[in-house]
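Each chain gets a letter, A, B and C, in the order it is written, and its residues are counted from 1.
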């Protein structure tokens, strides 16, 4: 591995200041939560960090707190903690399931919520060192290459898929993303936080240089809200989502009042399918509804040459997710 | 003999004493050599870190403390050293293996504060203050743990390279769940690959250990 | 649990009893010393710089900046280290034949110019620290002139394809002839004339990396003109001989130490370039050198199973009799001829008219070489899917179709024993084949469909020469010296068990000295499933020699010892000796998302007498699981435009995890045919031969769609269902 300097941060503002100092000295800086994927990227040469700001030493960032306005998830909470938290399991089920679906137990024991949401794409071109948009270049090599794992929604000019499982579940619960940076703190909604490549092909979110994701706030959840995260993997564990779907439904009996459906593995950001959400509102959950919703989910898809199989997978995943949330 | 025309360290410097954590700091040795050099375009595509524009062979060093298998260590480590490198190279605990160095295989699994982690993907500095347990810490006074004995009895290892990692993850499982089912074992050990594909026997061994009283 | 089912023979005193490995404690305590666990005083660390291009001429290499990096001790490149790596460049895979090696047309050096695949070695650096060695690689300035490249074997033979060697892209045979490998029996055209129906299908299989958990490494140390290599080798005797030959030394000047090693599956036969690079660097540096490959380097820089394209044409009479089998095939060898490129399976059929034409082809992909049953699983997948497809198209049960057409002993081709029919019938009964298979493939209602598949195999179990020495002292303690390495199957234990049985003593009275060429006699190597039957037979003979001495001279006393030894040249008296197997698998395919799950997997094998049922069982189970991975996931995808590999590594290749694993049922039908050590035959490779074929046949039975390309990934299933 290249030469590195590790700096333990005592607080998020301390971390931000340390990053500013290092950057002023001409060094590339990376914030590290669990660090699992960051170290992989540094070893592979796809992350240029000279200085790692270690956030594990930040006090009070590994907590789950709730108040009348909702639940605040500390950015440094480990995915294993998120997946095992009784409150999250009960009222934010999809988030717990998504956290439990990431990687392996060893990864989840160290990987953090903020790190999962902000991890870089796992596109095999980007990770193999191609000078693509994500690496600061000006080409997406998947377009005329091997694109079986790439985006069927929202692509162009880059066709990566967003790698996070937890992010679509957070989006489905209307999460707010708390950002700490040189200019203090700000809170963004999902539309503000995640960024399509048409806006910025190099990054997946709107974190500015020197900013970090410090916490995530979930607004209060209405009664009779049920949720699920379902993930299709190429093997039984330890892959990113080929296709995933986070679904939150607020219903009376089987009558849907509100539904949120957010896909993973198919778009450069967690992909909300509003056509399905609108369709479901006011309908009964049953096989016919679910099937039609599944078809609707891919009506706007634009597959590349080798990823057309994601369309039937997406339809099936959406259909099954909705049915799994039926009453009784 | 070494080609004396090539710049390099003196004979004694090339002898790395891995067993003495207080051995001469490489940083001390390297400082003052003005080792910043201009990298070239010869980036390897083979997983070798690509040099940044200004690179030296220096890495910062930090003092850390670790408790490993119940023994306290105060160490000075290079910031880029991973936990598994420190265990293997500094503490001579070579039971923990490096299979992929990328969190893909699980051969490097150790328990950190009781939880299985990939020690290839932890910088040693991040483990400062941690309680670490490795495969060398499973047997007590020469007595195999019930899990180790079950691995012996059920042919848990084939080549044995993944075995230390499987044992550590299974040890953590048995502490939480002393009598796991086969499905629970498979789920808990999913982050430990075995290319001999001795998966059936490994699961049978862990289930048998559970039947016999767990990790203890 | 899951002890193997066994029938046919009763256990002997030691042999045939479930026996824990004699070195199990070392393996579960972290005490077992693998190559990278060794530390020698003054040891340097080495890394290899590799080509980022699939095909390029090296115009210049400038190592000055790297050499100036503090801590760097020695750097070698193609300019100053021209060592021929014999085992990497042998025509036709004739690895053990030195005259063939001398005649080889296309030599592979430890560093080559031009470089011919992404991962070809360019330079190596030894430094005081592995990180410094790695940093130094990035400071080596290489100017490349990029050359056109070709990735697909059939394209490589087309007119105008980039030429990887001056003689073209068809790899020469072991005589240096630029001709495909042809095996011709009978008259296929006459056979097709005789047929009522003719079937033609193209099958394709992927590159499968061996992916043993221990990445390649080598520790070289010189004392004067004697080289010691600590290296994970699947054959220390051959590794020593090959290393000596490649470095211009005598055999006795090389010592190979390999006791514990992290698997190989054919990846670590003979000597590897890592051994030669480490030895060369160590000699230049005047210090021991530990050369380490990263996982990615191991994946791309060593070798894996060759990808193939197989065109079959089969003629069948309406009564189900096969009248002709023809295969034209292409094996992608990468740019060097490291092994044969063979494709087996056709020869399992009795059909008198057979024509097999295999083109081993150079490409600019990573090199192909041995992986567990090197020529079999991909060929058996192709031919047995072909036959399964024909059987269903003709409305015949594939098991019946097989039993009608399978090759059996004949007067002019006798076997030591033959159990294929029994193995197939036992498996069909245990599995409940007739109930589990769908007589109309794909007939399950709904999107989740089940089906069953079957495959069978025969695999060589011939005998050959190896050596053993056994000594007894006055305390009646026996020491067995065998040049085996324990790569996982438990050879050390097996050798001890055979010795104990032959000597008539308990296993605890036999120490086994292994894995060191300075201490052990020649052994054939842990490849070709040969250790148990060849070295094991030498152990029996050495024990007999010792027992005769004890009988005539009495037990030694005082400091005396008696030593028995043997280097037998056994024969099977002109008979074919094979092991046999049949696999039956039930799958469930979710045809909406393309997922395949294995529900039941039944295996029946006849591998002669089983020495240690525990380890034999796990050879079968492990091999089956590797074969399932080959069927469903593993491949090495390349970017067609750049020639860059995209999916090296366990994550990208989707290696099976604990949660993907079904329970594998194992039955051994035991037979003592009077040959080999107590009648033992081969077992290590046989399990993998059948699995891809059986799984693919089961998917076809479930879905009603024949999958003609491995791996059977979800995009292929969903494409077929669309």
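Brief remarks on what is shown
The rule is short, and it goes like this: a contact is a pair of C-beta atoms (placed from the backbone, for glycine too) under 8 Å apart; a residue touches a chain by one contact, two chains touch by 3 or more.
Note that the structure is predicted; figures quoted are calculated from it, not measured.
When C-beta pairs in contact are tallied for every pair of chains, the largest tally goes to B-C.
The chain occupying the central position, as judged from C-alpha centroids, is C. Chain A and chain B have Cα centroids lying 29 Å from one another. Look at where the CA atoms of chain A average out and do the same for chain C: the two points lie 41 Å apart. Touching of two or more other chains is recorded for residues 1-3, 128, 236-238 of chain A. Contacts with at least two other chains are made by residues 43, 45, 47-51, 55, 57, 59, 80, 101-102, 104, 190-191 of chain B. Among the residues of chain C, those touching two or more other chains are numbered 131, 134-135, 644, 651, 655-657, 659. Those residues of chain A that touch chain B in the shared complex are 1-6, 8, 26, 28, 32, 35-37, 39-40, 42-45, 48, 50, 52, 54, 56, 80, 103-107, 109-110, 128-129, 236-238. The residues of chain A lying in touch with chain C in their complex are 1-3, 124-125, 128, 130, 141, 144-146, 148, 232, 234-239, 242-243, 306-309, 312-313, 315-317. On chain B, the positions that touch chain C within their shared complex are 1-3, 6-9, 13-16, 18, 26, 29-30, 33, 35, 37-51, 55, 57, 59, 78, 80, 88, 92-102, 104-105, 107, 134-136, 138-139, 144, 148, 151-153, 155-164, 167, 185-187, 189-204.
Within the complex formed with chain A, the chain C residues making contact are 131, 134-135, 447, 592-595, 633, 637, 639-642, 644-647, 651-652, 654-657, 659-660, 713-715, 718-719, 722. Chain B contributes residues 43, 45, 47-52, 54-60, 62, 79-80, 82, 101-104, 106, 109, 112, 115-118, 121-123, 125-126, 128, 169, 188, 190-191 to its touches with chain A in the complex.
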